[in-house]
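Chains here go by letter, A, B and C, matching the order in which they are written, and residues are numbered from 1 within each.
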Amino acid sequence: VALPITFLSDYGYDDEFAGVCRAVIARITPDVTVIDLTHGIARHDVAGGALVLAATLPYTPAGVHLGVVDPGVGSPRRALAVRVAREERILVGPDNGLLWPAIERFGGPVEAVDVSLSSFRLEPISATFHGRDIFAPVAANLARGAVLREAGESVDPSRLERLERPPARLEAGVVSARVVRIDRFGNAILGLAETDVHGTGLMLGHEITIEAASGSREAIYARAFAEVPEGKPLVYLDS
Amino acid sequence: VALPITFLSDYGYDDEFAGVCRAVIARITPDVTVIDLTHGIARHDVAGGALVLAATLPYTPAGVHLGVVDPGVGSPRRALAVRVAREERILVGPDNGLLWPAIERFGGPVEAVDVSLSSFRLEPISATFHGRDIFAPVAANLARGAVLREAGESVDPSRLERLERPPARLEAGVVSARVVRIDRFGNAILGLAETDVHGTGLMLGHEITIEAASGSREAIYARAFAEVPEGKPLVYLDS
Amino acid sequence: VALPITFLSDYGYDDEFAGVCRAVIARITPDVTVIDLTHGIARHDVAGGALVLAATLPYTPAGVHLGVVDPGVGSPRRALAVRVAREERILVGPDNGLLWPAIERFGGPVEAVDVSLSSFRLEPISATFHGRDIFAPVAANLARGAVLREAGESVDPSRLERLERPPARLEAGVVSARVVRIDRFGNAILGLAETDVHGTGLMLGHEITIEAASGSREAIYARAFAEVPEGKPLVYLDS
């Protein structure tokens, strides 16, 4: 039975891009389960897509993880399939940092191939739609059981494109962090990791100052909306 | 084989919220079919979501029906799984009225459990994303055959949160009704039930006045657009 | 095992229309795979939907292809299921030209039925939602193996509604073409076919003038963004 495929992109919903990729997958591996994580990543927002991919993968079944946010399509950037250290997971997407935080979250890369010239790719290959012509068919073939080295040319897993986390600091009650995105419910996601908070002495109930590019705000470090007065901003650790 | 799950929410498509819930379901019950009804319910619009859920469920296969429009997440509102009288259907969602019109449509509740502390929930549980941490895993476990009492603590099914239908009247040729929502095609959905119309003497072809908060309009009671002159509003009974 | 169904519409994502159609399909044919191509076709844009359908179908598995962009719902336009000459594909949708370019792409129609009064349709049938009440149940029954003549009344396949391609010319280095749509990435899709280009002497690297309703622009005929200077428009053949 085929491995499940998760799929994240910046393709949006108005066009057929994500749908065609799913169709390509279904032609190759008819019995596969494809789980759309979202196709609503902001256009070409590699950092935003990377953050969402790393945050969601721990909730997904192990399998093949397809991610396409690819402003460099048509340029010589590599196209990757990467096996990680923990759990049986393979990530497929452009070598532009999109996959990196998720790869790190699962212990780092242990094997990687460049799939730009994969024998699994569709011909003729387009210059602009590698999701359909390279990434989807590679993911579909890996999901049906192909091994990584069949999918492309071996590359050094220690030399993948990485993504610098936006600089963040938390000291003396002041958080300096970038607002990475704002979700549908108005939550501002900060580029701040749990490890930035540990060891700073920050405790629940403390008031801190958030300094973002858009200005600074006072907020309470809390666990839930109900723990702060109505109208008062809070900061909490999400997943 | 797993029961199908239908899924409705106000999570939208730009974020990964609905996708993560589907991933959680797939981890627990890999062979399940999940049918997204829509994730486009207006943010926190419990009444709108309730209307859509009740209108669509008769078209869905019997199974588990997951609905999440949950402005009170993090507050002490209960989280429910409810078995209804007619057909083998279980509804899962917050106890805020969202599920109520659908429950009524299938003969009312016959068994209910509070799943807030369900043994099926994910740990650590977040304060703000119960769709992922409570509702999705409960739905997935019910779909794979768990019985209701395994999913949570029994509650009195006669004491679920209900949803008052918006007041509507039809008399002397005047309809007074709330516009519940306006769909993509410009149709205004009125908070008016078939039972409000029965026995009023209203017949096809009659002209009636619709009084909504936004003003009043003349319209013809008809079955199809082709039955009224172009540009003339009509009122018709939908499903 | 059921044939896969692809599904394209202008239903959007905010309403439950596409979701209900999927639910109807799942009730009839529980084991079917439904591939949403997109539901983001502009409202009532038959020509735009037709273009996307014809462009995507070659990437989809053979099966049943459901397309609903139906401004004439409720009028006497026919509702069709059409078998094409090449590959085992059946298209289902309104007889308004939406299906035509895709039908042509697979060698033309060889058998067609009017499904308006199909025995597979849901009762009572609504005047405005034939996607749910006619097209989805017909598609689901065809996917589970019903033959075309069970689905409706035979009609002359040579008399289906056709869609005129928008006029396009390429001569003396000037392309005259309609901009059919603009995608999420800002690409303007021209109503210009590969056959319009063949035999004109146009070669890669040539500069041409595009005349659209919105004005004229110089562009280079190329294969990829990287082949032209940054900021310079290019024209390329997509799939």
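Definition applied: a contact is a pair of C-beta atoms (placed from the backbone, for glycine too) under 8 Å apart; a residue touches a chain by one contact, two chains touch by 3 or more.
Just so we're clear, the structure is a prediction, and the values are computed from it rather than from any experiment.
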{"item": "Interface sides of subunit A and subunit B: same vs different residues, half threshold", "value": "different"}
{"item": "Inter-copy rotation, subunit A to subunit C, in degrees (Cα atoms; steps of 5)", "value": "120"}
{"item": "Inter-chain centre distance, subunit A versus subunit B - centres from mean C-alpha coordinates, in Å", "value": "32"}
{"item": "Residues of subunit A engaged with two or more neighbouring chains", "value": "13"}
{"item": "Of all residues in subunit A, those that touch subunit B in their complex", "value": "4, 6, 8, 13, 33, 35-40, 52, 55-56, 59-61, 183-185, 187, 223-226, 236, 238-239"}
{"item": "Subunit C to subunit B touching residues, read off their complex", "value": "11-20, 22-24, 26-27, 30, 43, 74-75, 126-129, 132"}
